[in-house]
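The first chain written gets the first letter, and so on, giving A, B, C, D, E and F; residue counts start at 1 in each chain.
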């Protein structure tokens, strides 16, 4: 019942590289508002931005054994994505596994559980998005799975899917959709960049995005005011 | 049923200016411990301090349309205060609306929902107090209200009320009470400033604030100790 | 029913000093994974590390009177540990009591409630671990206890117990166990330091900590992959 | 600063009576989806349905004194609505105040805090909607206000506003809007009653409410399926 | 981007029938401790037990339109499983859609959002497991998907997967694994039934399940006690 | 480090019996408002009332092994009190261990974790107060402690302490204080019984408990009203 898969299909390196600097919010919009992990997943330091392919770990509650197993499966640029099989905030991860991941060139860790040694990890520059910061230790008694599809913070993550994470949170992009989402993200960035200039010059999105007609149609009335006394 | 009010009564600019640098905790005490928004309203960066008049937006869950409408109603120095009609953590706000608000001279945003693009907003220096940081997008399908009284994070906020927000949170001061609360806040600051000097010299608030008698009266006994073995 | 104990037994100063720089996660592991306060106890600024003996305060909800009483009982190096008798996030503590504690040489405050004036406390360099940041004021009407055993954030804390707090959270060490835990913590640090070097050179904890045999024994199978199409 | 208002304007008794048996969800819809208290307000027993005019109490955290004051202000049929000035789950209310309220003919209690003696209150048939069930006692040291506007569970409640509460939760209707909302609620009930019969006979709301066209217009495509293998 | 799939593959009716009366906890164990939805999914009444094939709905926050669409796709015995694309507790479902589902013979609803009309649904005997009970209404403006794989309460649910729900919560069983899990569940029930008789006669699981040796091996020591004075 | 203590000191059976029928709220008040477990501890069915001596279990997260060990240490009338060493909602307990406890005559279980098989336990009449209802299974890999002092739901519980639990929650009474608390509880009940009769006849606690003078002294003003227009 317990399995670690050594090889996975990854996203084309050129596509991964293309996502450098593109924000989670943009990507999430560009792929049709899907793939966002829950808002409780927060980076241990800011600002931060990473992109890479998911190596996954499914772990028992209070047991970080599979994190060690999955760490060894990471290649340069990968993002380790780990979740317990039932909710747990224990400190599954600290600077010792962080040192191993950094030595292997991993880009970061997405952990639906607790992280510890956050001062050291910050100093090392190894980024983690976690549900909690908690020094509570874990055991190594129960095996789980590595590089199988998992649900992490409300989203299905397959091994090899693309992960982008920044100050806003974490988004997963399906491996086969990554190139398309990259193109759509760039389009969106370009379009936003034009709007931004107009906004900087004082224009309103009601005009820039042509909202006035639809607002009126849906029933919005403007009144002069002020109303009442208060 | 859906309305945007163009003009509102604002607090006297001299009074607004007077609040510069006065902390939320002081103001909250000075006005009789009322008007504080819930503790889940946190600034996206620190340190930060703003003061301004409320422009309000009441929005549907997962729909940020009225934020665009209310943005256009903001004048220099205003604080936009926005809440959904039912609890929602979606990312209603990012740097594009932020750019519009900043271009109009707005002081900041108080948002009982999610905020995104926090790295960009931090770089721009546009402050937001929100319930969550979440990249989840919203739609523009349902109209609501702008510049009507709303409940935001547990407090009634009327358009034109004074908003002060800092690292500790957010407080609302009724428009007509603003001048009085300013005077009371300054009194409190002056009094605290004298106590602070005495505390810095090692005195105890038990003496400075004359608490010893009342403590004894209410039943506090001092014992020498140590007690037990542990 | 209400009592303030003036004198308590403290940990040997040499032992306290020995804990300087040793992390909460290490200590927690070294004493057998116990003594950790709940993960909602977060420092108001980072990075931070303190160690000292507990002076305790048991307070009524929404009433910070005993915090004033306990402050006077603090000596140089002590850590004030305070909890309400029922859950409360009110702002029990701000820079005025902070000034008193700092004047007395206290190392910091552990508060299972709300903290305010966090900008000032950060500027002063007085560290607080709290459950919330909230400007909501408290009253001074009901007495409680000082320097009695309390439960704070899920852990029993006796007056004179050792408290260590850092970016990861807060741990309590029993007074009589402090010297032993210090030795065990140093052992652990030394051992980890050797592992760290091996990890930096690319070795895996599966080898360094000899996990491969036990993993197989517990049923972990490696498969080559990739699996399926996705 | 502390005030108890003896007389308030109430809703016309005929209108109150008209709301008997009309559900909270129906009323909430009929008045334009507003006025609903937060979902954490739950009845201590089910099934239950009450309607009456609000008598309000604003209380200090952990202090139920104003509940006693407000109880005396209740008349036959009133609903007591009470909230602390900062979040608190203490057991403000039990069967002794419940006995007083029942003796005065009050219809029930809406309490944004903790309730205790729930077995006795259930046996007595005195309904309470509360945020928590918690035996934790309160003190009587700090005065507050009675029969002033308060925010309870996220909604503004004025003295004399109409309160309806059932298994689904609690809704507030403005005093002056009560007659209109009653008429709208009855219309809605009648309309729903016709739809219900059609649904019972197997019709779909897609037809009964004419949704098919708009669904297609907004982009919904039907595909035959089944899709994939899984 | 928006799709409703009309036909799905379902589990063999004989297998579905076989699960009648088998508890969620048993099935969850029998399939290797996986597939359990989050603990916040609670039935609106108890006792209750259902089993059926999943028809799925992916909905916008605060928008229940796809629930209407998915309802029409349900056949006799199906279980509707619905989740919003971002967290939302609004009352997506009440007795009117419930009447439609019941008329179609659906077994129940699993809803990661709010349910309303719980008194009527209880009277009708239509079971719902939901995240909240909340009368807050929804709109019908944004389309989503029906009968596509969704993540509901932390678990991936494919259309046609088997759903079993009872007082303990909700479990999903993959369509192709259903027959095997049924056999394993029956084995487990039989084995437990034998243990139960021994427990009723006073035997301990330490003997029945042969735990004593392993407990000692892992380091458990028995001491006579009592310890200390307290 | 892992220990099970066979013999503990218990409260005098006559004292235990004396607590039959006395509510948690009364006992909590009678012992000076202390000893109450957190409000998230809820009974799986109501109404219910138990009293007995604590047998304690300290367990690893996601591991119920020590529950089996502690079950065997229970005698007729005991209450098993169990908590994990870090927060966990897994289903540690179901009807099979329940059958063992019932066969030994245990009065009930207090569990700061998840409970499953709640339908069966309800039918058996074996009461449990838990933090969650969750079918998620646990492992048996890590040993802990039995009959040592533990913190459960925020309260220190020593083996042999008295536990009373009812619809309102759970309270712990120190073994040596039990007789005194019983006397104080009876006094309180008698006094309340007299007040109740007066309340049933329409008197107000403002008179019965002589509050009017103190209320005025603390600053409460009565005004006639109604105020304003609304």
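A few notes on this one:
Going forward, a residue touches a chain if its C-beta (ideal position, glycine included) is under 8 Å from a C-beta of that chain, and two chains touch if they have at least 3 such contacts.
Predicted model only: the values in this text are computed from it and were never measured.
Among the remaining chains, those touching chain B and also chain D are C, E. Least-squares overlay of CA atoms from chain C onto chain F yields a rotation of 180° to the nearest 5.
Per-chain Cα centroids separate chain A from chain D by 39 Å.
In this assembly, the C-alpha centroid of chain A lies 30 Å from the C-alpha centroid of chain C. Multi-chain contact residues of chain B, defined as those touching 2 or more other chains: 1, 33, 36, 39, 85-87, 89, 134, 136, 141-142, 149.
A complete list of chain pairs in contact reads A-B, A-C, A-E, A-F, B-C, B-D, B-E, C-D, C-F, D-E, D-F, E-F.
Considering their complex, residues 23-25, 28-29, 33, 36, 39, 42, 46-47, 49, 166-169, 171, 192, 195-196, 199-206, 209, 211, 214-215, 218-227, 230 of chain D touch chain E.
Here chain C touches chain D in the complex through residues 60-63, 85-90, 134, 136, 139, 141-142, going by the rule given at the top. Across the complex, chain F is touched by residues 1, 32-34, 36, 38-39, 85-87, 149, 151, 154-156 of chain C. Chain D makes touch with chain F in their complex at residues 1-9, 65, 68-69, 71-72, 89, 91, 94-97, 99-100, 103-104, 114, 116-120, 122, 132-137, 140-143, 147-149, 158-160, 174-176.
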